[in-house]
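Each structure below appears as structure tokens.
Okay, so subunit A shows up in both of these, paired with subunit B first and subunit C after.
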Partner chain A sequence: MEKFAPVTRSEDGQPVRYLIVDDSVFARKNLARMVETFGGQVVGEAGDGVSAISEYERLTPDIVLMDITMPQMEGIEAAEKIVRDHPSARIVMVSSVGYQENIVAALQRGARHFVQKPVKAEVLYEVIKYVMRDDGTTARGAGAGA
Partner chain B sequence: MRMDLIQPFINSADAVLAQGLESPISIENLSMEEEAYRRKGIAAEVCLTGEIEGRIIFDVDQPAAAQLASRLAGVAVSETNDELIREAVCELANQIIGNAVTTLNDQGFHFHVRPPAIHTSEQGSKGSEDTEALVMGFKTSSGNVFMNVALRYHRRRAADRAAVAG
Partner chain C sequence: MTLPPEDRMSELRQLFFETAAELVQKLNDEAMRLEKTPGDAETARSLRRTVHTLKGDAAACGFRELSELAHEFEDVLTLENPAAAALVPEIALRAADVFAALLESYQKGTKTPAIQTLRADIARLARPEAAGGGNVKAKKKKTAAKISRWSEYEQMAIARAIDKGKRVHHVIVQIDPQCAMPIAGRQMIQLALAGLGELLALYPLEGSHDPIIQVEAALVSEKPAEQIRAKCSIPTIGQSVRVTPLRVAASLFGTLPVSAGNSNSEKKSKATSPAAAGSTAKIADGLPEDLTAKDGPLVADAPAGPAVASGPDNVLRVDAERIDSVLNLVGELILAKSMLQQALIEFGQRFPKDALRGKFSDAMAFQGRVLNELQHSVMKIRMVPVDQLFRRFPRIVRDVGLQCGKDVELSIRGGQTDLDKSILDAIAEPLTHLVRNAVGHGIESAEERVRAGKRPQGTLRLGAYHQGNQVVIEVSDDGGGIDSEKVRQRALAKGLLKPEQAARLNENDTLELILQPGFSTAEEITELSGRGVGLDVVQSVLGRLKGTIQIETVRGRGTTFRMRLPLTLAIIRALMFRVEQRLYALPLNAVAEIARTLEENIHQVEHYDVLQLRDDLLPLLRLGSEPPGGIDGARRKAFVLVIKSGERKFGLVVDALEGEGELVIKALDDQSVTTDLVSGASILGDGRVVLILNMVALMERFTRGRADANGPKMAGLLSSLASLNTSEIATAAAQVRGTAGGQS
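Moving on, here comes the complex of A and B:
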């Protein structure tokens, strides 16, 4: 897999902490592998929207990567509930279902960005940098491919 | 079956498989299925509800499924690792069908997608007059992949929606 300049938190230089939410174990592992190449740390995983909310409360990650189509509670509803209680939560929707209505609904309910599956590492990397920008976080080095 | 419903699935399978496998794929077969669908390997089923209703079965030969899982996971996956192979097939189905659904929604068809589930029975439901099933066979560098699409277009729901929209 391509190597990327690490993205760290500006406040303490520590790795960005991720919560990965997807009902597919396979998808979670792939995303975990990807964010680790960005220098990130996966602090938790969840397989549905309900677990995502409780895991967010427990772990307060820097970024949530959230699928949309999941059992029990879908990702957009979970994102809305998380952002309602934690307005600074950074949630990136990651889904194969990327039609305009879905994207608009996710953004209106508090998600910061949307990435369509199959995920390209270089696309996710740029989105992570963009979403972390309010933290003042910048990648050390020359960016993607460094 | 309406070709405008089918074409997005062909395009999406082509794009997602080619990207995942980093090699071109080709359509080897495209036929209407009149009999009940017979599973060929590891299969995942995705159901759609709304203006378009029905199901899609994404089916991969067992050896091909292990190779696909290995390519997508970036590590060797044994043919005996059933759980990971099933997960890989479900995720591929999710990506292919999700991308096709995205195109159809942007074309004005409105419906909902259920999460993929492993299709374990040997046979699937057979097509009917209003729910025809189309089978597509793809040849990939890892082996053969099949998609069985049985969809029905609800004119009445689409008309209701248009009436509400004014």
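Moving on, here comes the complex of A and C:
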């Protein structure tokens, strides 16, 4: 497995805290495994949009990895609701090519980024780095150029 | 979490198979729901979501055929082609079959099944309106990156901004050619730019149908070009970014920009997006290649259950073997408890007045209680709802119904009833046979039903419930019932029954003949239910599980097969008794009653022994040898265990009772015990060995002996065991660490 320089929070150097939202347990574990190799910490998981929102409120993670197609409430709606209450939320949509319009919609509603399924670790890594440094003013990512 | 990567990998892989099996089951369910309620949008969406998830998971695990097929299927589902909507359920069912076959081949490392037929089927779903449908992917690449024209309005806006002394940047972002979602990419770039300042223009426009090769924008921003560039170097999307200042003059007319002044246009962005290059060949790079190869046995035994899709709950997936080993240890503890109890009794006899005795027995009682709870908790872990098995049947009933042209409605009750996982696995096959049989042969054709004054649609009920220490599973149809006379004729014709036996068989015994090997009730052997195997698998599995079956039938009204199964295989509550000095045990719930009598009260009727028990004559089966003749024999005490199974009732004559207790069953190998009358052994606290009798074999001896007037006398059944060497059995039993569910 590839080695990744850990991505940390620029403000305090602590591990990035993730909330992973997907209705497939497998997909969640797969993503969890990846972000752990980036030095991240999975603080929570959710299987649908409704619990994604409540988990976000509870945990205020640094990054949410959000699937689009889910039961109860789809990822877009959940992303929108989270961002409406927490404009600083960093939500990365995770979805397949066929859902491009949905991703566009999610981005318009406040998602920060997207990755395509099947997720490749090195892609996700770059996306995470990008999203983490993406806080308006400070443009420094930790461990740049892995 | 400090598991080594390989462990996590196989764990993931196992998780994949478990969840994928669930998804396939879900696909089956949804397809059938869609078949019942055609055009139901919610079901269709849910079905698509299932295919989608399966695709994603398979791709992440590197299972290409599966992910591609699912992908194709999902694509055509997304089309929502109205002309083909009616085909969706059928093809979804076929897809479920192929997916299941693929999964199995991945899991076992065998050759993958043919998938062309399904491919063609899937393609069929897209066809009726195919020509140039909305699904064509923008794969054609235009190489020339043409610079767009700003609209007049935009040009004015740009000019005005520049006039006001603002810095206007001309930004061109090349879209990574590997980017599979350029539209979303465009949106990302738009977002990134909008976050930096005021966007005056952005091309291509939203909703444009041109392939997106680059995004071009006019941005008002006081941020340095370097920062704009960094912001637009979006991984997997923005490949190279050019940021140049826009100047006034030329901008007023015609095309823009002429002034691509800044020569250090960006090459460096390559470094920030290494993903762009050369990594597409491998799917899901995080996973090692050998993921697709078989790596060791996969135990898919752990309760797969409702964990799937139920969100972040506290569900652990545990290898069933680990639970078994805990259960074994609990078994050993129970053994230790009875040893202690034995010692305590001896202690009490030796020092009847010692105060320590009370303390010991208090502690023992406490320990016993905890142990009991511990045992139950562990057993509970092994329990899974029967729904896991029942879920398969809607599909089976539908398929069998279609094949024999019958409309059958399946109703399921008691799906939440818990049952030991190993038992559930074991009854899957017999239950399938019973269900197929009920649909294929039990339920009549629609015409026949109408003629008999019934609804044309047949009903099949599948039910489960707890009854005492047992689980009852019922398969019941509202078909024509079983004609016991026909059964008798056929059994005679097949040589399963001798004419003189036939006359003696009661209704119930006759019905059970259909469970005999080589018996098939249907006139013709259908591919479905017959298969030459028949229902004898039911009998043999139940025998192994210490379960029983009862058949109830009413001519013209239907048939019910009622299976009774123990909750678990590992520990039984047993009644222990002695026959010729040897200790035996029977499952307590098989014994309906115990009668005490003298030998002289046992009479001979025809060729077997009977006991007058209240108003009934109870036929008897002697486990030991005949009593000696004369007055001694006649005054000898005997105990009769009344065994009741379904409608059948008989008595077992034993010498003495030893009490009841919980026995941890140890399997015996064939070398130690050669008779099928003994199904296992257990060791008591004092080290004595108990042989556990096989109810089904006993029952079968009873039926056979009864029907056969010239057969051997039904006595001394266990006499052959008298010569067994107990210590050998003890060693054997101790060595065979009775795996839960472990009868050979």
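What to note about this one:
Methods note: the second predicted complex is superposed on the first by the 130 of 146 C-alpha atoms of A that agree within 3 Å, B and C clash if a C-alpha of one lies under 4 Å from a C-alpha of the other, contacts with A are read in each partner's own complex, and residues count from 1 in each chain.
By our rule, a contact is a pair of C-beta atoms (placed from the backbone, for glycine too) under 8 Å apart; a residue touches a chain by one contact, two chains touch by 3 or more.
Bear in mind the structure is a predicted one, so any value in this text is a computation, not a measurement.
Placing subunit B and subunit C on a common subunit A by superposition gives a clash between them. By the touch criterion defined above, A:V43 reaches neither subunit B nor subunit C.
By the touch criterion defined above, A:E101 reaches both subunit B and subunit C.
By the touch criterion stated above, A:Q116 is placed in contact with subunit B and with subunit C alike.
In the superposed model, A:E126 makes contact with subunit C only, not with subunit B. Which of subunit B and subunit C touches more residues of subunit A is settled by the count: it is C. By the touch criterion stated above, A:E55 is placed in contact with subunit C alone, subunit B being left untouched.
Using the contact criterion defined above for the overlaid structures, shared-chain residue A:M73 touches neither subunit B nor subunit C, since it reaches no partner. For the contact definition in use here, the residues of subunit A common to its subunit B contact set and its subunit C contact set are 1, 23-27, 29-30, 33, 69-71, 96-98, 100-101, 116-118.
Per the touch definition, subunit A reaches subunit C in the complex via residues 1-2, 23-27, 29-30, 33-34, 36-37, 44-48, 51, 55, 69-71, 96-98, 100-101, 103-104, 107-108, 112-123, 126-127, 129-130, 134, 136, 139, 145. Considering their complex, residues 16, 19-20, 69, 72-74, 84, 87-88, 90-91, 94-99, 101-102, 105-106, 113-115 of subunit B touch subunit A.
Those residues of subunit A whose C-beta lies close enough to touch subunit B in the complex are 1, 23-27, 29-30, 33, 69-71, 95-102, 116-118. Subunit C meets subunit A in the complex at residues 1, 5, 8, 12, 15-16, 19-20, 46, 48-49, 52-53, 55-57, 59-61, 67, 71, 74-75, 78, 137, 180-181, 183-184, 186-188, 191, 195, 206, 227, 230-231, 234-236, 271-275, 279, 283-286, 288, 307-312.
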